[in-house]
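Listed next: structures, encoded as C-alpha cells.
Consider the two complexes below, in which subunit A is the common component and subunit B and subunit C are the respective partners.
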Partner chain A sequence: MGRFSPRSLLLGLAAPLGALAFAVLVCAVILGVTGHSPLDTVDAMVSAAQRPRTFVNSLNSATTYYLAAVAVAIGFKMKLFNIGVDGQYRLAAMLSAALAGATFMEGLPSFLRVALTVVAAMLVGAGWAGVAALLKVTRGVSEVISTIMLNAIATYLVSYLLNPARLAEDRPGSNNVGTRPIDGGGQVAGLEIPGSSSQLFGLVFLAALVGFGYWFVLARTRFGFELKATGLSESAAVASGVSVKKMVLVSMLLSGAVAGLVGMPQLLGSSYSYSLDFPPGIGFIGIAVALLGRNHPVGMALAALLWGFLDNSSNSLDVAGVPREIVGIMQGVIVLSVVVAYELVRRYRVRAEQRDVGTALGRTKTAEEASA
Partner chain B sequence: MRRMRGLRLAAGALALGLGLTACGGSDSGTGSGGSTQASTPASELKIGLAYDIGGRGDQSFNDSAARGLDKAKSEFGVDIKELEAAAGETDAQKEDRLRQLAEGGYTTVIAVGYAYATALAKVAPDYAEVKFALIDSTDAKGANIENLVFAEQEGSFLVGVAAALKSTTGKLGFVGGVNTPLIQKFEVGFTAGAKAAKPDATVEVKYLTQPPDFTGFNDPAKGETAANGMFDAGVDVVYAAAGGSGNGVFKAAKAKGKLGIGVDSDQYNLPALAEVKDVIMTSMIKKVDTAVYDFIVSVKDGKFTAGEKVYDLKAGGVDYSTSGGKVDDIKAQIDDYKAKISSGEIKVSSTK
Partner chain C sequence: MPTEPAAGGEPAPAVELSGITKRFPGVTANSDVNITVRAGTVHALVGENGAGKSTLMKILYGMQQPDEGQIRIGGVPTAFGSPADAIKAGIGMVHQHFMLADNLTVLENVVLGSEPRAGVRLDFRAARERIREISAAYSLNVDPDRVVDDLGVGERQRVEILKVLYRGARTLILDEPTAVLVPQEVDELFGNLRELKAEGLTIVFISHKLDEVLSVADDITVMRRGTTVASVSPREVTSRQLAELMVGSALPVPELRDSTVTDRPVLTVTGLTVTGADGRTVLDGLSFTIHAGEVLGIAGVEGNGQAELVEALMGIRTPTAGTVRLGGENITRASTRHRREAGIGYVPEDRHRQGVLLEATLWENRVLGHQTRRPSSRGALLDLKGAKADTERIVRDYDVRTPGIGVHASALSGGNQQKLIVGREMSADPVLLIASHPTRGVDVGAQAAIWEHIRRARAEHLAVLLISADLDELIGMSDTLAVILRGRLVADYDPSTVTPEQLGSAMTGAGRED
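Coming up: the complex of A and B.
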C-alpha cells in the first residue's frame, strides 16, 4: 500500500528529474566556459523540437533505443549484464536482411515475409545470447566478459559475411557494400506525418507491444516473479524451488530475442538493406536508456524519447553554431548523475522507511501496554 | 491495487502519446515556413558542407575537402556552413543534415563521403534549385547531383611501384584503416603496382578495424602496432591508407629506420607530421580539395553539370608526391608507369 503514496511517487521521480536538472546545469556551465550562450542552445533545441521532421526522427530513434533498453532490462532484472545486445542486434539485422532480401522470398505474401524476417532476427539474437548463457550455466563464465567478446566476434563475422562473394551484393561505384535490398513486399510501411519528410516507423507498434509484454511477464506471470526473485536474492530463490540455471538460460535467450528486434524498425522501415552505414552502437545506448528508465516499461520509453530527441537535435545545434558534442556531454552526465541520484534516493528511502517502521512499532507497543 | 497501477501506467502512456501527437500536429506550419524561406534566391553563393565522421581536423579525407572549401572562401568570399556527422547515426540524421542546409538557403551543398548516398537520393529531388555534390559515390544520381569519384587504385599503383623499387627485402606492407570496399581499392592498386615493378615482391596486408568500427581511421596506436609487426617480419616499406592512424605507422618506421608512404594529402608537408616526415618517402594524393574547389567554381560560373565526374590519374585527380626528394632517383620509372596508365595502356583494376 505504502508503495503508491505520494511520497514514493515523488521519490521515484526525484532521481531522474534531479539528474536531468543537474546535467542541464553542467552543460550550461560548459557552454558558458567555452563561450557559447546556453540560451541560444535552448533556443536551438526548442526550434528543433518544433520541426515535425525532428519529432518523427526522434520517435523513430526512440523506437530502436526502447527495444534495446528492454533487451538490456530483462537481464538487469536478474542481475545479468547483457553487454552483448550490440553484437546480437547487428548479427541478427545482417542475417535477417540477407534472408528478407533473398530472391526466393519475393513470391511470399507480404505479411509472411515480414513475420519470417522478424522471427529470424529474434532467433539469431537469442542464439548469439544463448552462447553466453550456455557458457555461464555450464562453465560459470561471467556473462559480462563473454558478451563483450561475442560483440567483437559478431563484428568480424558480419564483416566476413558482408562480402559480394558471400551474403552481400556488388554495388559498383558506391564504395558501400550491403545485402540485397528488400523489395516492397518485404518492407513495413511507415506512417505519414503531416509536415515531415520522414515517415514514422510502422514497427513503432512492435516496440509498444514488446514493452507491454515485458511489463506483463514481469508483473503478471509466475516466470516474471521467479525472474525478479532470482535477481533480488539467488539463495532465497533456490530455497523456494527456482532453478537458477534455467532462469539464467531463459532470461538470456529472451534478452537476446528482443535484442534481435532492435534493428528491425530501421531495416524494414528505412534502410531495407544491411550495409556499412547501418547504425551501430544501439546496444550500448540501450544500457544507458535502461539505467535512466530504471528498467521500468514506461520509464524506459520516456528515457528513449529523451535520448532520441537529444540525438536528433544535434544537427540543429550544429546549424546554430553550438558544438554538437554538447549532446554527448549531456547524455554522459545524465547517465552518471542518474546512477548517483538513484543511490542517494535509495538511501533516503531506506532511512524514511526505517523511521516509519520505528514509529509504527512504537505505537503498537503502547497499544499492547494499554491492553495489558 | 496492482490493477490500478497498471491502469495508471496505461493512462500515463496515453497522455504522453496524445501530447506528442499534438506537438507534431501543431508545429507542421513551422516546417513548411522553413522550406519557403529556402526558395528565396540568395544574392551571394551560400555553400553548405556536410562532413563524414571526424569532420574538419581529421588530418585526412575531411580536411582535404575543407581545404577546397577554404580556398574557395578566400578567393571569392563565399558564405559557408559546415556540419559534421556523428558516429553511429542513421540515414535519417544524415538526411536531416542535408535538408537543414537546403532549408537554410545553402544552394550549393557538398556531401563528403559515400555514407551520404542514401540520404542524398531522398533529399535532392525535393530541392531542385540546390546543386549537390557527392564525394566518393555514384549511388545517388539526379539532375542536381554531381558525383565526384576518384581512381584511388591508379594513384596507389604508382606508390606501389615506388615501394617495390625502394625495398631491399622485396617485402612490402599495407596498413588499411577500415576494411571497406573503398580502402580495398588502395590495397589492390598498391599490390598491382608493386608486382608490376618487381614480380616477386610480396605485400603483407593488415586492416586495423572492421566496419562498423571506424576507429581504424583515427587510432595511431593501432597503426604503430600493425607496422611494427610488419617491420619485424622483414617488411621495409609500409603504405598507410589509414587516415589519422598513419601517424603511428610513420612513428614505427622512424623508430626502426624503415620507410612509410602517406595517403590523401602530401603528408610530408603536413605540420602535424613534421616529426616523422623524413620517413615519408612519398604520398598517394587524392585531390578531394581540387574536386570540391572545381565544383564550387562550376556552380559560381553557372557551369554545373550533373552526373559522374571521375578524378583519375589522367585528369590529375590522383597522383604521387615528390616532396622530400626520396623518390627523385626512381622518378623516371614511376612517371613511365604514370604515362602508361594515363594513356590506357595499363588498366588498373579496382577490385581483387
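Coming up: the complex of A and C.
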C-alpha cells in the first residue's frame, strides 16, 4: 500500500539490504574468530555464483521457496500464521505423487495428467489447511497451535502411507522407499541451460504465475482488499461488512492450496517420486522468505533467490575449507535483523509522512492531533 | 521574574512553567508555554483537542521531558525524569481513563505500587486507616473494602483522587475529569475539589467544558495551537468569550432549522434485546422508530447499552429477541454487508477501531465499507480510478486537510480522519445514518462542517440515529430525544424544551420527574 516514489523505494530497500549487510558483518566476525578467512569465503561464494550449475540450482530452489513464501504470505496478509505449510506440502506432494505414478494415469494425455496432479496437490494442501481453518472458525483454536500439531500429524501420516504395504514400493538396491515413479508422460520437462548439467524446473513458470496471481488478487480485487483490511484491523473490517470467519476460511484454504504446489516443481521436474529423501522443512524456509520479502510478490522473489543461492553455495564453501554451517548462521541473522530493520523503517516512514503532511498544510500539527 | 518564597508576602507559586517547548518529529506540541499556578487554588487549563494541554501535563508529570523551558515547584527549579520524580515532588495525576483493577478492592488499588510493609508482610491495616483518614478529611466518601467493579463512575474517580493523595500529592492534575460524568456527578466532584482547595492543596484542572471551568476555577489559562494565549480570571470573562479565545474565532452552534420530519418510517426497532457474553441483558426490549428526515438523539452515560445498540443495528452483534426493519425489509438477521448495501451509513464511536485503517491510504479507506459498490468496485474487481476520483471529491467537499489521497490515514489528524469518515458514510446516498459521537475530538471548524452535512442530508430525507456525550450537540441536533439507562429507553424529551440538567437526571436515573 502506498505511493510509488523514490523515497518509498529507497526505504523499501533499506531494511533488507541493511539486514543483509549486517548479516555479512556478523558472519565475517564469526569466521575471523574461528580462524577462517572471510575473504576466502566471499571468494568461494563469488566463484560459485559464476558457475551456471549453481545458478540453475539456485533458481530451482528459489522456485520451491517462492511458492512456500507465497503460501505463508497469504496468511500473513491477514495476520494469520500458517505454520503448517510444511505439513501441507509434504502431504500434498506425497498423495499427488502416488496419484501421478498410479498405473491408471498412464493412459491419459500428458497435459491432463500434470494438471490432475497439480490440482490434486492443491486440494490436499487446502484440505489439510482447512482442518486448522475449521478449528479456528468453529472452536476458536489458534491456527498457530493447530498447524504446528498438524505438521506433526502429517509427518506420521506420510510415514504411515509411505510403506510398501500401502502407497509406496521398495527402491531396489537401497533401503529407501517411495511412491511409484511417474513415467515420462506425467513429468514436466525441464529447460536446458548451456553450461549446466542440471535443468531448470519447467514449473518455474507456475511459480511466476502464482506470484502474479497473488499480486493481482491483493491489489486489484475486492477479495484482496478485504483480506488486507482484515489484517490491518479486524474490527474495522467487520464494521465494513467483512465476514471475518469467511475470510479466515477462504484465505487459509488458499494458503493451503498454494502450499500444495510447493512440492510440484521438485516432484514433476526432478525426483518423479515421493520418497523418504524428499526435502523437508521448506515450509519454514517459506516463513523466512516471506518475512524477508515483506509479503511483496517481487520482494519475496528476490528473497527466495537469495535463499536459494546461499543454500547452493554452501557446497562450494566445503570445498574451500570453510564450514558450510556459516550459511545457516547468515540466514538466521538475516531473518532476525530484517524484522528489527523493518520496524525501524516503518516508524521512520510514519514520522516522515506526518512531517510531509504538516509541511504541505503550512503548519506543524500538534502531537495530540497526530496521535488523535 | 524571580520568585522568592518571601515570608509574609505571597507564597511561591505551587507550579510555575516558563518557556516550555516540546517538539516531536515534524510536530511542535508546545511552544513557549507559560503558566503560573498559585498555591491553594484551582487553576483551569482550557483549550481545544489538540491544543497541547495533555502534552504539557505529561511534561509536568514527568512523562515527557521538555526541550526548552523551566519547571519550578514551590519556587525551586526542578527537572523530572519520570513520574516517580514528580510524585516525590508532590505532584499527582488523575487520568481521564481510570487506571484501576476492577477485581481488586479500593484498598488494594490504592496501595498498588506503594504497598505498606511491616517487615516482609503487607500491612493492610495501617493502609486502611490512612485511606479512611484521607477520605474523611476531604469528604471523599470512599470505603476501602469495596470492590472497584461495584463502584459507579463518580466513585471510581474519587478512588483515583484518593490514590494520588495517598502518595502524598500536594498538587493534583485532573485531566478532563468531567468527560465521563453526568451533571450531578460533576457537582459532587466540584464539591470535592473545593474541599481539597480549602485544605491547602493545589489543583490543575484540564477541560474544554467552559461552564464548568467558570464555576470551579480561580484562574484560567487558555491554550491554542500549542501555546498559551491568555490568562484570565473567571470573574472577567463569559463562557462565550472564553470559547472564542480557545478557537481564535467565532463559534458554531448546533441547531436545526425547520423540521423536516416526514411520516415515512425508515428504521423501526421493536423489542430489541441483546444479551452480553456473560449472560447479562445489555439491551432490554428497545422499541423506537426513526422517520425519513428525522434525527433521533440518544442520551445516556457511556456503557448503558449505546454501543450494543449500534452494533445490533449494524449486524455486528446478534440480538436475542426483537426485530429491526429498514424501510419495509426485516433486517434483524441480515449481515453487516447487506445492511450497508441497503443504505445504512455508520460513523463509529471509536474511529481507530472501526472507522479507518490507519496503515492504509486515504483512497483505500474510502473503499472500506463500500467495497461492494460503485464507484469503489465493479463486480469482483476494485475500481481504483473510480475510488480515487471519489476520494478526491470527499477531500474537497468535506475539507479534509491532506496533501493528497495517497498518504496513510495515520498521517492525518483525528479531526481530518473523522471528516473523511463522515464524507465516506454520506456518499452512496444512505437512507439511515448511525452516528456515534460524530464530532468527538474534532476541532470547532470541522464540528460545524459535520453538523452542516448532517443537516443538509436530513433535509434530503436522511434518517439519523445520533448518539453523543455532548448534551448540547444532542439537544441542538435532534428532532426527538430519548434517554437510555441500563439498556432501556427510559424517557423521551422534546429537544426544544429540555435542559441539560433534566437530561442528566434522566441519564443517571436519579431524579425521574414523571
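Throughout what follows, the second predicted complex is superposed on the first by the 356 of 372 C-alpha atoms of A that agree within 3 Å, B and C clash if a C-alpha of one lies under 4 Å from a C-alpha of the other, contacts with A are read in each partner's own complex, and residues count from 1 in each chain.
By our rule, a contact is a pair of C-beta atoms (placed from the backbone, for glycine too) under 8 Å apart; a residue touches a chain by one contact, two chains touch by 3 or more.
All values derive from a computational prediction rather than experimental measurement.
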item: Touching partner for A:Ile193 - first (subunit B), second (subunit C), both, neither; value: first
item: Touched partner set for A:Leu232, first subunit B, second subunit C, both or neither; value: second
item: First (subunit B), second (subunit C), both or neither touched by A:Arg351; value: second
item: Dominant contact partner of subunit A by residue count, subunit C or subunit B; value: B
item: Which of subunit B and subunit C A:Phe223 touches, first, second, both or neither; value: second
item: Partner chain(s) touched by A:Leu59 [first = subunit B, second = subunit C, both, neither]; value: first
item: Touching partner for A:Ser37 - first (subunit B), second (subunit C), both, neither; value: neither
item: Shared subunit A surface residues [contacts with subunit B and with subunit C]; value: 1
item: Residues of subunit A touching subunit B in the complex; value: 1, 4, 47, 49-57, 59-61, 90, 155-156, 158-159, 162, 171, 173-177, 193-198, 215, 219, 266, 270-271, 276-282, 297-298, 301-302, 305, 311-312, 314-316, 318-319, 324, 328
item: For the subunit C and subunit A complex, residues of the former touching the latter; value: 22, 24-29, 49-55, 225-226, 314, 316, 335-341, 346, 348, 352-361, 364, 367-372, 377, 380-382, 384, 401-404, 406-408, 410-415, 417, 441
item: Interface residues, subunit B side, partner subunit A - complex; value: 1-2, 4-6, 9, 12-13, 16, 20, 23-25, 27-32, 34, 81, 83-84, 86-93, 95-97, 99-101, 104, 114-115, 117-118, 122, 126, 136-139, 147, 149, 179-182, 210-213, 308
item: Subunit C partner contacts - residues on subunit A that touch it in the complex; value: 1-3, 220-226, 228-229, 232-233, 235-243, 350-361, 363-370, 372
